[in-house]
Amino acid sequence: MSIELQCPVPHFNHETIQMAHGAGGVLSRELTRKVFLPCFGNSSLDTLDDQAKLSIGAGKIAFTTDTFVVSPIFFPGGTIGDLAVSGTVNDLAVGGAIPLYLSAGFVLEEGFPLTDLQKVVSSMADAADKAGVQIVTGDTKVVEKGQCDGIFINTSGIGVIKNGIDISCTNLKPGDSIIVSGTLGDHGMAVMAARKGLSFQSDIISDTRSLSALISEILDEVPEVHAMRDPTRGGLAATLNELAEASRKGIVLDESTLPVRPDVQGASELLGIDPLNVANEGKVVVAVPRESAEKVLRVMQRHAYPSAGDAAIIGEVVDEHPGMVIVRTFLGSKRILEMPLGEQLPRIC
Amino acid sequence: MSIELQCPVPHFNHETIQMAHGAGGVLSRELTRKVFLPCFGNSSLDTLDDQAKLSIGAGKIAFTTDTFVVSPIFFPGGTIGDLAVSGTVNDLAVGGAIPLYLSAGFVLEEGFPLTDLQKVVSSMADAADKAGVQIVTGDTKVVEKGQCDGIFINTSGIGVIKNGIDISCTNLKPGDSIIVSGTLGDHGMAVMAARKGLSFQSDIISDTRSLSALISEILDEVPEVHAMRDPTRGGLAATLNELAEASRKGIVLDESTLPVRPDVQGASELLGIDPLNVANEGKVVVAVPRESAEKVLRVMQRHAYPSAGDAAIIGEVVDEHPGMVIVRTFLGSKRILEMPLGEQLPRIC
Amino acid sequence: MCLAIPGKVVAISDENGLKMGTVDVNGSLIKACLEYVPEIRIGQYTIVHAGFALKIIDEQEAAESLRLWDELLRK
Amino acid sequence: MCLAIPGKVVAISDENGLKMGTVDVNGSLIKACLEYVPEIRIGQYTIVHAGFALKIIDEQEAAESLRLWDELLRK
Amino acid sequence: MKFIDEYRDSDRARNILKKIEDTVTKPWTIMEICGGQTHSIVRNGIDQLLPDGVRLIHGPGCPVCVTPLDILDRALSIVSKPGVILASFGDMLRVPGSRETLSVAKSGGADVRVVFSPLEALNIARENPQHEVFFLAIGFETTAPGNAMAIKQAARENLRNFSELVSQFMVPPAMRAILSSEKNMIQGFLAAGHVCTVTGYEEYERIGEEFHVPIVPTGFEPVDILSGILRVIEMLESGRSGVHNEYGRVVSREGNPVAKKVVDEVFHVADGHWRGIGVIPQSGLQLRDEFAPFDTQKKFNVADIQPDESPLCRSGDVLRGMITPERCEAFGKECTPLKPLGAPMVSAEGACAAYYKYHGKVL
Amino acid sequence: MKFIDEYRDSDRARNILKKIEDTVTKPWTIMEICGGQTHSIVRNGIDQLLPDGVRLIHGPGCPVCVTPLDILDRALSIVSKPGVILASFGDMLRVPGSRETLSVAKSGGADVRVVFSPLEALNIARENPQHEVFFLAIGFETTAPGNAMAIKQAARENLRNFSELVSQFMVPPAMRAILSSEKNMIQGFLAAGHVCTVTGYEEYERIGEEFHVPIVPTGFEPVDILSGILRVIEMLESGRSGVHNEYGRVVSREGNPVAKKVVDEVFHVADGHWRGIGVIPQSGLQLRDEFAPFDTQKKFNVADIQPDESPLCRSGDVLRGMITPERCEAFGKECTPLKPLGAPMVSAEGACAAYYKYHGKVL
């Protein structure tokens, strides 16, 4: 039995990030060696070249980027670190790509605790492991106190797209079923409850997770998927509006089929915020010809992730009202599901 | 004669970034449509999918990331925007790759002026044009007032590496000549002079520029290059120390050959800062077998960039003192060129 | 106006001399001032508006009224 | 201690009642207080330390001393 | 969700709808006073399901909509001073002041904090003793008890860096004003359930009698609203007026006496200036003199507030049920939820926003 | 660069080196007083080029090194108060206090600003009238005129939110202390050129006579330093003592009388506590009583400063030339530029940092 170096290795007690950690000199190097390499290390990253050199099979690749600025950085169900990995992995996966490589760009505020950085970095490494991707290139900047909120992380990602896969938000076809892979609004509500100052609390757990395994299985069994998207910022409402608009089709949802956890529903009532406008970080919306919808659902339900059992067919694509999403209420009336206007603020009225 | 849409198109007077611009809803969409697409638009970006889908020839690709946090964001010779493009293009090029695609991840502070954003974005578009790359995927986050310093930009980049090219900072060979493509310290000094509060001013102009054309020509004519690096943060001192360390070789520099602009030298004396520790953003350090050094120099001098005429062979790689960079002073004595410790602060003593 | 939500009081405390409580709304908890429902007990339902419990919900009345409606409607 | 740099005065002004100047060091300009060299004129060289001009450089003395050194050394 | 799901039951709702159809014999125009009810009506498409002759008119009960422009301009002016923190319900952030919104002021550096309860604003004052903290104490009879309690508590703790910028309104005077208008077409009311939870409905009985209208306090869930509508229609059809309480689980005739007492201790009745509508006598609340140290208006003497309302905005007519939002010339043109000219285009409860979102499109 | 390049001329420098070799007949130990000279010596490898017998000892003239720990601890304590801004030369930011550096305090939220001139600190005070701004007024006779002028100006403008935390030292008393020590081995001095620019060198003449040592004021460029060394050696070889001015382009016998007058107006001479070395009588400057309102020490009564110097650090011995840095047990082990125990490991001019960077490796 050999003893392996564990990530995280070193223990920083009360040490904090200093400007010098970002200045490209001795402390920058120390940070890379003591924090990043033990967690992310791989042959591409270890050379510490300015760029990773990667062999990627011929054909199409997918490329995406996202910056993560979530506050608080530790919340029930995740950290900014695994969110940064899953978020970018998911943006690749929903394009039908197999995620392979990530970059990691950190902006750190001087004074940021090194122990927190280690926790974040190690959660990134875990998430990357689980998603089957490697973090192969990176960058760290340190800014003065008050010029960033602790830590921001950009991840960009590359994946390969198998031949014959053609998934895009412009591809909705009338008759497609719209499927969502589980409950809605968990991430955003978990983060809101974790914020200090709001007098509300909950046991809601963020759904932050990588969708690559789930999606690759869906595509193996149902290659005829037309469009996929992860309903993150702006929630399901933003995602469906974007799909409808990009494809110039209408979408009709059935209100009674929308899966929402009871405590998320409770929080929504409390805060006066529609759970359909709230971010998810481990859910996928799939548009697929109606006849394949049940197959997709079965793949989802078979996967063991929390709320897999709540995956549901929630609506369908129509020719009418292109660019618009309509909800059929429980009473049989209709209302428009608008693109959300802006940030979700708790309201009293 | 057709009238083309120019970038930037719309005119925002006193409008500023609001939280809602980052919330994934209507205002996010407006920002993308009115600011980003007119400047960056291309078939990959225009779909507004979560990821760009790209065809890349078989073989090796290079992948890199950098976040840009420079302050002020407009400085003599550049903006945070063209810096963000050139910086990442250069990190690809110094690996021997032909840069092809970039991502752009923005973090904006609420209250940031939209006119400034437009200037930044349009300088990015110009820089991308010049470097022959496309910005194919992006992301925008807005954070509350006081949680970021106006604007941070992450760019990640992908390029292809031609067969037979093998460039890495681990590749230094004894006998290699070290060449620098022009004057040292211009960018860092230009930015420092542009900062408010320091009672010093100068006409120093940042050297921010893309190196892809220069480097591709060097590699065409001198494929035997062993290592290249752009001496950015930490300046030449950091870069050479990294090369020496990664290759486990020594480097000896000849002090009298180091090209420094007179006004940069003046600023260095004034501020008590060594120009070898100061960042460059359009220079490359090349390690090449001695017999090819003059050829590299000729390619550089032929290029019309400012200070091309100052390109110089500044030192050589030796077997002795591995990991260490030694400067032969004008008096014939030696001193160690250390990895810089941290940020460069003006000193009085 | 006046988004007000029914929930169950699960904890009662004193904060800065005010009677405060935790109200469970479907598993999400909200802090509410109970000064206006001084007689409230843990387990009772109340209606919370902008951080204040405005009234104890009359469970019996609610059940009775629903029963009456359902009866009426069945006719 | 006392990083002090020689430069040429290229502008003279008054700021908050203090005699101030701009000193050109090889093309980079520094703001310096000239209160301690009240007789200085544009074009003259001075030595600047921590934002204050400490002395007008005696150009003649400098030339003469270099000449003497060079002579001595040539012997 | 107990006390919610029962009132979102589709069988119950459909049965009531059926009953409404059976009951109606002629057209009726009913006003739901409360913006929360408006929100529920449009969200659930209840208006689409009612018989053609039954018209719902959205009432003035949206605190965001009626908070006068000068209060907002005052808040903007005060929060722009150094060392001042404004605490506000989230609802107010996008409401247009004369020149900007609180949200835009915040993006420009003003220290604006969203709170959920006036007691959170008190907390901010406790935690920032070197700052002046003022709370934008808006609303109707529902927020008044909380806002009053915060003042009492600040006085008890002698928390001198806390104050409230008060803009409190009362519903009954507005109902009287609507009913007194020559152009009035409202024949019955759904009264605001949570307002009545606090106040009870004795005053409504007087109004019902005086103006011969049926008034039905009811809740906010679809079944509550539908049963309220049914009850109003039944009363109209049978020529009855007065109050019939359909929200018995929280509304009683006397309301909440403890809350009423504290409100009365802290506030006194005064004329109220309703945004877009104008002054309605004795329809507002102001801080009593003994709480002057906690009155933002007295603490910060902001001269030169010259509220500048958009001349296009007809929110007053909309709020009094005189016109529907589409009849405003700016509706959907100069005025959209993205760039609202008037408050009713901002709030999820605002009649103009509700119309913009849910009407006039494909439905 | 005029007045720089001439003194970086390699022919001149080599010729002087040659002349030194020709002149030296026995070993000599010379102290360069000034950290700036130390920096130039190690940067240009001048010590490597001197004949074996000629030893240069780095003197105590590094303001960063000698600023006492209690001043730094006081600064750290004061800047941690809300509403206080500390302005400092960049040099001080990484100097270890008892518990932390200014740089670490800044990263923890303290408002520490780097300035290049005391007048910039005044500006910060003008621009932040609601803040207390104090300037860490450290240094020798070179910074004293600037620091004095800032005080005079603050008094003239009645800028009551500005003050200086003064830690000013004078070189001649330190030279006397070194020469008076039983263990002294210094035989000649390179005097600090810019100190003499201000003060002139009459006092040095007295020291030279009294202790029978040659003292040569000189500049900072290689040719200046080499010619200074040559001159000291010539005087030593020929048994001469007293002052020979090798920096005539800026140093005169009387120095800068205007500057001396202002320094004298604002400061009075007092005992000086040198970090690592201890008290040297009459070697420091303090603000005169009439400027008490601008004296940080009087403004902020910081009790409980218990400076806690690392017991390992032998900076005092290093600064007095008693030991070379390698002889300190912590050198390169507990104490490195990355984690300095004492100030001389921080500054580019600190003897320990200079040794760490340039010695004991491959050279």
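For reference, chains read A, B, C, D, E and F in written order, and residue numbers begin at 1 within each chain.
In this text, a residue touches a chain if its C-beta (ideal position, glycine included) is under 8 Å from a C-beta of that chain, and two chains touch if they have at least 3 such contacts.
Composition by chain, UniProt nomenclature: A, B = Hydrogenase expression/formation protein HypE; C, D = HypC/HybG/HupF family hydrogenase formation chaperone; E, F = Hydrogenase formation protein HypD.
Everything numeric in this text was worked out from a predicted model, so none of it was measured.
The minimum number of touch steps separating chain C from chain D is 3. Separation of chain A from chain C in touch steps, taking the shortest path, is 1. The chain with its Cα centre farthest from the Cα centre of chain C is D. For the interfaces B-E and B-F, the C-beta contact count is higher for B-F.
Centres computed as Cα averages put chain C at a distance of 72 Å from chain F.
Between chain C and chain E, the centres computed from C-alpha atoms are 21 Å apart. Annotation: 56 Å between the Cα-based centres of chain A and chain F. Residue positions of chain D touching 2 or more other chains: 1-3, 25-26, 31-32, 49-51.
In chain F, the residues that reach two or more other chains under the touch definition are 1, 4, 35-36, 62-63, 89, 116-117, 119-120, 139, 143, 338, 349. Shared contact sites, meaning residues of chain A that touch two or more other chains, fall at 18-20, 26-27, 144, 146, 199-200, 262, 265-266, 269, 272, 341-342, 347-349. The touching residues of chain C, counted against chain E in their complex, run 1-4, 6, 8, 16-18, 25-26, 31-33, 35-38, 45, 47, 49-52, 54-55, 57-59, 61-62, 65-66, 69-70, 72-74. Within the complex formed with chain B, the chain D residues making contact are 1-3, 5, 7, 24-32, 48-51. Interface residues of chain F facing chain D in the complex, by the touch rule stated above, are 1-4, 6, 12, 15-16, 18-19, 34-36, 61-63, 89, 116-120, 139-140, 142-143, 145-146, 149, 153, 156-157, 192, 194-195, 197-198, 220, 223, 227, 248-251, 256, 258-259, 262, 349. By the touch criterion given at the top, residues 18-20, 22-29, 47-69, 71, 90-92, 94-95, 97, 101, 103-107, 136-139, 141, 143-144, 146-149, 152, 154, 156-159, 161, 168-170, 229-230, 232-235, 238, 242, 246, 277, 279, 339-344 of chain A touch chain B in their complex.
By the touch criterion given at the top, residues 1, 4, 8, 10, 13-14, 17, 35-36, 42-46, 48-49, 62-64, 89-91, 93-94, 113-117, 119-120, 139, 143, 222, 337-338, 347-349, 357-358, 361-363 of chain F touch chain B in their complex.
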